[in-house]
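Per-chain numbering from 1; labels A, B and C assigned in written order.
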Amino acid sequence: MTTEQQTLARPPAQQAPRPLPAVAQTSRAGRRWLRETARYAILIVASAASLYPVLWMLTVAMKTKAEYTQHPMSLPQSLNFDNFAAVLGNDDVLRYVLNSVIVVGAAVPLVTFTSVLAGYALARLWGRGGFVILFVFLFSELVPISILAIPLLLTVKEVGVENGALRLICVYSVLMMGFAVLLTRAFFRAIPEELREAARLDGCSEFGVFWRIMVPLARSPITLIAVITFIVLWNELFLAVVLLDSAAGRTLPLGLTEFRGRYSTDWPTVSAALLLSALPTMVLYAAFQSRIANQFSRSTTRE
Amino acid sequence: MVTPAMALFLVFYVAAVVFGIALSFFRWNGLEPRRFVGFENYKQLFVDDPVFFTNVKVTLIVVGACLICILPLALLLAVCLSGRGRLLPLFRWILFLPVVIPLAATALLWAEIFNPAGGVANEFLGVFGIGEVTWLGDKNAALWALILVSVWSILGLHVVIQLSALSAIPTELKEAARLETPSVWKIFRHVVFPLLRDSLTVSAALVITGSFVFFTSLAFIMTRGGPVHSTEVLGLRAYLEGFAGLNFGRACAITVITMLMTIVLVGTTLLIGSRRRVEY
Amino acid sequence: MASIRFDGVTKRYKDGTLAVDDLRLDIPDGEFLILVGPSGCGKTTALRMLAGLEEISEGEIVLGDRVINDVEPGDRDVAMIFQNYALFPHMTVYDNMAFPLRMRRVAKKEVAEGVRAAAQLLGLGELLRRRPNQLSGGQRQRVAMGRAIVRQPAAFLMDEPLSNLDAKLRTQMRGELARMHRRLGTTTLYVTHDQTEAMTLGSRVAVMRNGIVQQVGAPQELYRNPANAFVARFIGSPPMNVMRGALEDGRLRVTGQEDGAGVDVGGRWPGQTREVLVGIRPEDWRLGAEPAPGEALTLRGEVEVVEELGAETIVYFRHAAAAVDVAGEDDGIGETFAARSEGGGRLPAPGDRVAFHASASALHVFDAGTGEAVAAPLHAASPAA
């Protein structure tokens, strides 16, 4: 890229005696300009499509009901945060948030902890046993647990887990476990065996190797697992719909649908609620953006 | 060390698979004792139930449409995003944003956009002088509206998958190709595209499993399968069969069929993708 | 510090492969012993058994005065330097070096002292706060050494520690290793496949092949009196030239030699009759039109490549007798001999037909079947030329 720019920036005096390359350069630069224009045109259209609904929701959330009915697509007349305040002051919403925080707050550490252990063990475990276990985890990527919602509900009832939050915690852990185990396994397998040996020679126990070497080394994938798990679980809807018996335990996404039903004529307030519900994941995404995006994709590409 | 993870997995995944398969041979309304009926549930679905065929058809249309829309679009956008440019990270951020928005919020947002009474979609069409559409109330339009929402909400993930595959291609390969041909298109067609085989396979597999999962939630919120079953995918049918019809045996049978469909579809995809695979 | 003894140590893998076969080796306290051999010869396995990273199938390993077969690696009091250094990437240089001490619950103050002392010795003082990925190859190598020396182990084990460095750095680090050993005097077992390292670093060298030690001795001893054709070829670069021949009642005949009368070897192998391999070091050839007095062997061949290395020149020439495959190793030389000459004179050009001469005393003779050196009672006799 830079070489071409330098070539173009060369003084014309040097180019004059050699007309042939000069012609070639112009057409080359022309093609290049065309290509870049096309690239950004496409990106702008796609980004507009991505962003517009979200921005629209934001504008609506700042309007009054009347204003929205009259001008659904215009910019709000003023920066008005009343709708947000109304949502935050709503006891139901706060209950949904609390439920979500409990469920997700328990499931995230549970997934992270168990899958790091399992991933480390599976990375070093060969033979048929390891293969069978690995296969089960891979299978769960093939047939996501959400497909199994109905049998899962019946199983959970059969096992006797009555508490809705507990049900979700367990099921949510399993929902993310295949991903987390496969990711940590791939990570630990890439760590050279010599590190373990060096630590053993230096007087580390096997558990010490895991705790003092492997876990600190895996800090970055562990963080990512936690963050991605949080985002996915915070947003999960269908399993909650199926598995929760009582209205009291509703998590935030499920609560939103109910909220929408109750405020069916007040879309601006609902908009504010939807935006607020997306806030934690959007903040996390903003903070970890490139790493999350890459890992989201890489997790499933490995093996 | 695998034990804790495995224990959870056995109870909440493996057991559900096994129990689901077992229950699909029973008639059960959730309260009375189960009655073994053999293949009766399957037989009813396949022989006496025209709606079930609609369910399968709708599901396959969703999978197919998502594949056809998402893969080329993701590839195109990934190519546009690759390389160096000051604004590219911003575009990447924007394109991925819908992925992290809660699906419930996405569904409700788009339901409002598609609101026939003053919704943005109709306002938008009005600009081009096209008459009003009832969208989610129209049995011809509803499915496509929902597919549009699915694509909107997961396209970003696949863009990023393709993008990271693109950037994993060693620069030397592209440089070597540039010495052979000036055509950017030829380089892409003969060098880059074949190397994206793995990531495209992964994307395709994710689109398939994803459309089973996401679409069920979207349809659950936005249309409840209507109008006239036109958006009732298998996952939703299983839900309705269980909770509305109190027919858990048949719900399990539908789940088993869904499971087999994902396995066959994803399996075929992986098989096609792994032929003549390349490593570098 | 301690001596090391391998007493009939054998490593047999599950599939029956014998990686190390009845290894017997005595390394006195303070010695720098090099274990050298081609890849897959079992040298690294032997080292890893000593470290405790591989199980010992048979035999005993004694460190100091205790058998360590069943001692955990961390309790053996040996430090190892790995080929890829095995630095912990999430720790700073300081923490890496402090790690072995901390594992032994050494008091914080002593840890700091130990690390500082080692860092000073290795010139790492400036780098203690850095992480391994911010270091150059040579610096990482030094940190690995630092981690080994801080705890003052009974022995150092080094597994090809220099092979990831570029040539210049390797030479420099070789010097540092030697200096370090002189200073600390710690017993060291050093594994390499590089015969230059073997020749320059160790006080003694053990050559291994297929799990069996071929010969143990001082570098010059191995060079001058190789016990068999394998050692003869392995030590020295370019390797010793080998051709087929036969001893007939003390007279040596070399295949392909024009003079059918055979070589007058001055009665070095009286009364011997057998098929043999005849070896000659590249520097023992002399290029010239006619043999000088005392030069018993003359080969004429076509010059293939001339490598001028500055101080010396190596001439590769083609000769039918060179087609000898010693012990199945393929070093890519094929049907050529190498001749080394220092100094000037007119150099031949590729394609020239030239004659090379050697005196009888420079010849090494090995049994064609076993490869063992044929005893030569008069070998000590001074060269005729």
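The rule is short, and it goes like this: a residue touches a chain if its C-beta (ideal position, glycine included) is under 8 Å from a C-beta of that chain, and two chains touch if they have at least 3 such contacts.
In this text the structure is predicted, and so the values were computed from the model without any measurement.
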Self-check item: From subunit B, the most remote chain by mean C-alpha position
Solution: C
Self-check item: Chain whose Cα centroid lies nearest the overall Cα centroid
Solution: A
Quiz prompt | subunit A and subunit C, separation of their C-alpha mean positions in angstrom | solution = 55
Quiz item: Between subunit A and subunit B, what is the separation of their C-alpha centroids in Å?
Solution: 16
Self-check item: Centroid distance [mean C-alpha coordinates] between subunit C and subunit B, Å
Solution: 62
Quiz item: Can you name the residues of subunit A that touch subunit C in the complex?
Solution: 192, 194-195, 197-205, 208, 213, 216-217, 219
Quiz item: Which of the residues in subunit B end up touching subunit A in this complex?
Solution: 1-2, 4-6, 8-9, 11-17, 19-20, 23, 73, 76-77, 80-81, 83-84, 87-89, 91-105, 108-110, 112-113, 118-120, 123, 152, 155-157, 160-161, 164-165, 182, 184, 198-199, 202, 205-206, 209, 212-213, 216-217, 220-221, 235, 238-239, 241-243, 248, 251-252, 255, 258-259, 262-263, 266-267
Quiz item: subunit A touches which residues of subunit C in the complex?
Solution: 51-53, 72-76, 78-80, 82-84, 86, 88-91, 99-100, 103-104, 147, 151
Quiz item: Given the complex with subunit B, which residues does subunit A contribute to the contact?
Solution: 1, 28, 35, 39-40, 42-43, 46-47, 49-51, 53-54, 56-57, 69, 72-73, 113-115, 117-118, 120-122, 125, 133, 136-137, 140-156, 158-159, 170-171, 173-174, 177, 181, 231, 234-235, 237-238, 241-242, 252-254, 256-257, 260, 267, 270-271, 274-275, 277-278, 281-282, 284-285, 289-290, 293-294, 296-298, 300-301
